[in-house]
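Lettered A, B, C, D, E and F in written order, each chain numbered from 1.
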Amino acid sequence: MKTHRSLNLFSSFLGIYLMLAFGPTCSAQLFTFSKQDLIDYTAQNPFTRFADGRPKVPDDLIERAKGLSSEEVWSVLTDKKFNNQYADGFQVLHPGKTMVGRAFTVQFMPLRSDVSHVANAKAKEHGVAELDNQYAIDMLQPGDVLVVDMFGKKVDGTIVGDNLFYYVNQATHGGGLVVDGSVRDLDGIAEIDMPAYFRSVDPTPIGNVMLTGINIPIRIGNVTVMPGDLVVGDREGVYFVPPQFVQEVLDRADVVHIHDEWTKKKFAEGKYKSSEIYGSPKDPKLQQEYQEYLKQRLEELHKERAAKQSN
Amino acid sequence: MKTHRSLNLFSSFLGIYLMLAFGPTCSAQLFTFSKQDLIDYTAQNPFTRFADGRPKVPDDLIERAKGLSSEEVWSVLTDKKFNNQYADGFQVLHPGKTMVGRAFTVQFMPLRSDVSHVANAKAKEHGVAELDNQYAIDMLQPGDVLVVDMFGKKVDGTIVGDNLFYYVNQATHGGGLVVDGSVRDLDGIAEIDMPAYFRSVDPTPIGNVMLTGINIPIRIGNVTVMPGDLVVGDREGVYFVPPQFVQEVLDRADVVHIHDEWTKKKFAEGKYKSSEIYGSPKDPKLQQEYQEYLKQRLEELHKERAAKQSN
Amino acid sequence: MKTHRSLNLFSSFLGIYLMLAFGPTCSAQLFTFSKQDLIDYTAQNPFTRFADGRPKVPDDLIERAKGLSSEEVWSVLTDKKFNNQYADGFQVLHPGKTMVGRAFTVQFMPLRSDVSHVANAKAKEHGVAELDNQYAIDMLQPGDVLVVDMFGKKVDGTIVGDNLFYYVNQATHGGGLVVDGSVRDLDGIAEIDMPAYFRSVDPTPIGNVMLTGINIPIRIGNVTVMPGDLVVGDREGVYFVPPQFVQEVLDRADVVHIHDEWTKKKFAEGKYKSSEIYGSPKDPKLQQEYQEYLKQRLEELHKERAAKQSN
Amino acid sequence: MKTHRSLNLFSSFLGIYLMLAFGPTCSAQLFTFSKQDLIDYTAQNPFTRFADGRPKVPDDLIERAKGLSSEEVWSVLTDKKFNNQYADGFQVLHPGKTMVGRAFTVQFMPLRSDVSHVANAKAKEHGVAELDNQYAIDMLQPGDVLVVDMFGKKVDGTIVGDNLFYYVNQATHGGGLVVDGSVRDLDGIAEIDMPAYFRSVDPTPIGNVMLTGINIPIRIGNVTVMPGDLVVGDREGVYFVPPQFVQEVLDRADVVHIHDEWTKKKFAEGKYKSSEIYGSPKDPKLQQEYQEYLKQRLEELHKERAAKQSN
Amino acid sequence: MKTHRSLNLFSSFLGIYLMLAFGPTCSAQLFTFSKQDLIDYTAQNPFTRFADGRPKVPDDLIERAKGLSSEEVWSVLTDKKFNNQYADGFQVLHPGKTMVGRAFTVQFMPLRSDVSHVANAKAKEHGVAELDNQYAIDMLQPGDVLVVDMFGKKVDGTIVGDNLFYYVNQATHGGGLVVDGSVRDLDGIAEIDMPAYFRSVDPTPIGNVMLTGINIPIRIGNVTVMPGDLVVGDREGVYFVPPQFVQEVLDRADVVHIHDEWTKKKFAEGKYKSSEIYGSPKDPKLQQEYQEYLKQRLEELHKERAAKQSN
Amino acid sequence: MKTHRSLNLFSSFLGIYLMLAFGPTCSAQLFTFSKQDLIDYTAQNPFTRFADGRPKVPDDLIERAKGLSSEEVWSVLTDKKFNNQYADGFQVLHPGKTMVGRAFTVQFMPLRSDVSHVANAKAKEHGVAELDNQYAIDMLQPGDVLVVDMFGKKVDGTIVGDNLFYYVNQATHGGGLVVDGSVRDLDGIAEIDMPAYFRSVDPTPIGNVMLTGINIPIRIGNVTVMPGDLVVGDREGVYFVPPQFVQEVLDRADVVHIHDEWTKKKFAEGKYKSSEIYGSPKDPKLQQEYQEYLKQRLEELHKERAAKQSN
């Protein structure tokens, strides 16, 4: 939106020199979390990793995850005793459009000039000129969801306006945005077809904050988000799924989808009470009918996917 | 949504043995409100009743009520000094779609296992196996609106997900849902064309509560809801209309609709100030014009309805 | 406070004919919960009962409970999986003065005149003239805590002013008051030495409500309160302890008190880190010292109590 | 909506005798703010004025302002150190439809009958019969936005229902409504294509208030609104722009629009990082390209407008 | 607190030229409310007036009012249908110390520099140099309560710190302060024995506001406050009593006090149920006993007061 | 409070191996902030440091700071453009008792077992057995204030109960506690004479969280707190003063104190209007009187302090 003022507005951000670009000894970032740290703390990741160490949930699983809902994720994570992975209370930009992608995390803290001065100086030493929200946004990859801890700030807590939102959409291939803070230019943003979850909207640009970490563990509501988590957002809220549970979430969701299909089909017949069918058919004959239906539909699904992959 | 877990999740609900099924002496329900109680406390009901004693506002009046708005109900109930019949502050699933139906009330309270244990035992004695939200939902009739006191609970306070919401829609013929609590599977629910009013959404299934009454008097916000009340919901909130006032509400609404029609027609002419026309025309000639318009349109309405009924 | 207006102000309350006065078949109360119901639903009560069926936690245990804190109650109830027994968010009248007593429950609902009319008529038949908050208050016994579900109402939701608060203090021998609603005459009330927990204060007298139950199960915040529960209030909030757990709560609290005594004594010596002493001494010698201290102090306590009882 | 009751409902409003109708010496209004006062306190207005002294931002500028967003207004007003001109937290009737118009201000205060009695008597002396919200609404002009200080009131704080909303739409030619209070008949209002910003919705008609000023300075949220301010509302909130800044806001918005156009065009090419383009191109060659683009597009815009005006 | 900065901090306040000092034609104040206006709008005042037209409730009635509580005021004002005279939700500085005095009203609005510039210029013309909160505070009289509409502002909304609070205490002889805004220097303020009611506390000094009226009608919560109203504050909140009702409030409070005295005396005897005594004795003999007690105590009171006045 | 359960309750906390004990290369802590980092980011500290790198504001300045109020700190930090150093909205344990000390910071995040598992393993490697809130508390020094980021958590967010609060009091010599979270055992805590600021109180012990940092930069409300900041709390809230500003804050506070003394003395004489004296005397003679008073009192203060130090 506004053109000429951003240089000095953002000049108070911390200079940050990232380990992936300049090697592991740099510590210009207020909170350092090295590539090795990231690998150690996400050791259960069953997939490959990005060059910076982030777990890389494969593209085909991300594609499948677009059919997920919060409830299906809940079911697996609760079984695993991961009870702190869900955040809600957001304004949802496009209700009905599921958000799926890999978490790219960014943290801001309230500006404190003695601290930011030091960080800026360190960054300069490493050849980093202008360090701000754009510095982080420039690093986004296709399939990423930008997840930002802006500590709930509304005024001056606007991570993007419509121009940068447009850029994030381009860079992530429609991945998405979650910010515990605000956005600006909502009229412009609403015309862009990327999912977004934010606390509030404000006309002010970002300010009075300092960037304190990129791809470090952050907190969104009651969740500790790790870089590379699979982010799943629907009409209700956002789930952050640790990579080690992604496959199981998706496989179990297949069963749930078929179960729902069958349940609604039976309800539509109008012959049964809800308790006879849901959550599980009480009559052994119905139970068997369901099991067969489930088996057949799962097979169809698998064939469908195999066909798609071989293309 | 989730398939295999509901049995043990709901096993803590109170066993309830309903008077309509097993006669008036059963007291397995924590709060008993017998058929006779219901008849006594709704003695002013001018219509027939269901087998369980609930007043049965006739279908043709329910059909007519689909043209009502909160304001039209307000006007009659305020005249009758019934000032505690309106609740708002809900999330409205389908704004613009009016909800109309007969209140089917359900009450939950926080789980307390010594109490629920006794109730379960009593229910078993009467042959009731599994007692939970589905037990209540199985009793819904066409034209009912499910009205649930879940004491504002969000987490574990989800009266239905999309499967049961689908069933409620089937069973009530699109009647509707009001819950002082939450729902789950909002993405799925949003695709089903039944009105619903809820406080919040959460991915958890119902739990940590006990069912303490079916078709007893309950409280929703600032309203004491009686079983059989006519429930009217619009974009703003929900009115619970005692049966004895339904006819008058509808008849007065006819006048209001015609008045609005005429008022807007006059405003559209652009010749009058608002105070000359609204609430009542000041000029005697206009007043007369309005009265004639009113008379003629009422006659048309009555003929239309008579024609429809004779079909 | 106000003198002459209370008769007509309260005339809209439900007439109620209580089972203890007129036998078990009366049903003038909107929600009936007979003496037998109460006995059934509190079947685990190990103590005697009042004539109306309420469990009667003995006086000496009530006396001992005055040394309890919320944390000590929490510890036992959590072990028993009773997680819905605590309510907070109240204004506390006398912080630092522990409230202990037997729950005497009262429920109000929003006024609905067609319903209250029926209840009043039924009450009249049983010779009950004026039915209102005082009708319930007249039944209070020494050792009771008046627990009122006024559904959070502030304006017109004032269960007592200073005169009735004074009376409640007299009748319950300083038992206490918990209301999910408001009080009036706070200046006057503050001079009376009885514990009280309320949501707000308002100058209006009670009105626009109807009394719908006395000594029935009620909900206060997230708690299902049963008549006869031991009510324990401190600076933080209020616990409602089922009678079957009272003895264990008190016995375990003895240990906790002694543990705290010993822990602080050791901390005061200044020789240990907190982790060496709390929650349990790490060094075996310290552990033994603690065990001996515990044993000796428990013996002293028991002797003290025996001596007191034999007096 | 309701027909026959408005006369007595509104009879408690203050009689008001406006200076524009009866000359500058009248003081029936509780707060008087004469034509001269208005001229004095808006002395920087560069445009003509209405007969009542209100600044009249020209129609062609209002037309241009329909392309504005909150952010573009923010940018100029912040530069001018006007930091108290923005209000949000409203329910927005038609998100995506920009509201633009001249502020017509109205103030209400809580009813106090000794005060309203005096005002009514004064009004009668000046021949004003019925004084209420409609009295103010009758004065609306094409291009006005009705801005109402109803001190946040919900119940009885409904400035209009669908009939009067329809009238306001007619009278202002779709100008708009901002109320720090509520509306009623939302179902009816939602069908009318005029922008509106309100705090809440309620079925009650306006009452228990008195009209205390028309076209006086009022407060909406954190803004002192002057009559004649340019009101600009988008999805986020509402800006009240002093007339002296309107031209600059619009001119600078032209630059911002072109800048956004160019920025997104470059982002769409997929060759640049966000920091290379936004807020200002870093590469001198890109900078030059942008400057040329800007110059050319501005010229096109000016020609377009000149052509439109000469038609 | 802070010494050297107040001049420029407050320099943005509106210059105000008051009618009492410079005569009735001046209009430098944004909202003018002349001496004649004040007399007209408080025409029912039965007492003398200050030179500026404010009703002057006599000192002996103010003295008597120190025994009042909110409930006693409520009773009379409700009878008079004055339902909008009570405000609560304040932080109360000295709970237990009743505040009584005559309302001296001050209004602030959000700063808008084009408007404040004009007002300052007008003030200068009348020889008023520095116009700010101190300008208003300098006018306080013994027996006044300073009542300030700061529109709920916390940051920069601090009407006084401890120095000015000390001065207000001196000038009003301990009258009091009500502010719909904040104070600063709470530690210092807490040591000064004057009642105060405020919404919040903040370390910032007053700023970003403009003084828009002194002794004009203002709104505090749901109350329209008129200059000269009797302000009565207790632990709960603040009543603003129109002068015409002061005598009746005090006389009726005598009866209530005696009634409370007698009621508690009877309750203390332990022989009666609450419903037999309160609100009015049911037994004719008790009724008579009460009437005699009342008569005798009223006589004593009157003698006492007569004696005090003749001293 | 509770004795035997803390071991397993806390067993899910992160093992942490601190750089000061085991050297600078260890990285078992989720967020590492080495001694060198701390020195770099607090480079403006003019005082000595602790062994772990924390700035050490000298004891005599801490002693002097006990006379500070929020307003005096505000004045200097605002001049320095440090606008994000103040947090409020706490429950204040001992209003009227100023809290002063050096910030010892601790950070918790929501539990995530895959992450905590890794941290625990790393800690074990370095010989750290039990890692939890006590591990941090064991490191407290005299003069410290424990500042904890518990992200606002109430249930399970209780940093201490009365036993550990007692220990903190012993270890810090009455320093104090600030927690953006809760405490338990408030009855016990209230008897201990150490200042404390917390958001809420709950009977649950700490749980469902993991310790993620000790003496790292943390966020409390809108403040970035650095280890070693001077913490100043009064009745209103808490200031975190960077060490480089401590001397100036104290010196300026001397002037403010004397200014207040003189101002109140003049007000007490009753001869001046508030605007003649405050913020600065307007009359040159008064101005001179004040300057002489100031000079003399400053000299007295300095002598007093010199005498105290030479003792």
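Throughout what follows, a contact is a pair of C-beta atoms (placed from the backbone, for glycine too) under 8 Å apart; a residue touches a chain by one contact, two chains touch by 3 or more.
The model shown is predicted, which means the values in this text are computed figures rather than measured ones.
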Steps in the shortest chain-to-chain touch route ending at subunit C and beginning at subunit A: 2
Required steps from subunit C to subunit F (each step between touching chains, minimum): 1
CA centroid of subunit D to CA centroid of subunit E, Å: 35
Rounded Å distance between subunit A and subunit E, as computed from the means of their C-alpha atoms: 55
Distance between chain centroids, defined by C-alpha means - subunit A, subunit B (Å): 39
Overlap residues in subunit F, where contacts from two or more other chains coincide: none
Contact pairs between chains, per stated definition: A-B, A-D, A-F, B-C, B-D, C-E, C-F, D-E, E-F
Complex contact set, residues of subunit E against subunit F: 1-7, 130, 132, 134-135, 137-138, 161-164, 166-167, 170-171, 184-188, 190, 201-205
Subunit A residues within the subunit F interface of the complex: 27, 30-34, 37, 40-44, 81-85, 109-115, 118-119, 122, 151, 208, 210, 212, 216-217, 219, 222-224, 226, 242, 244
Touch list for subunit E against partner subunit C, complex: 69-75, 86, 88, 95-96, 98, 234-237, 239, 255-256, 259-260, 263-264, 267-268, 270, 273-275, 278-280
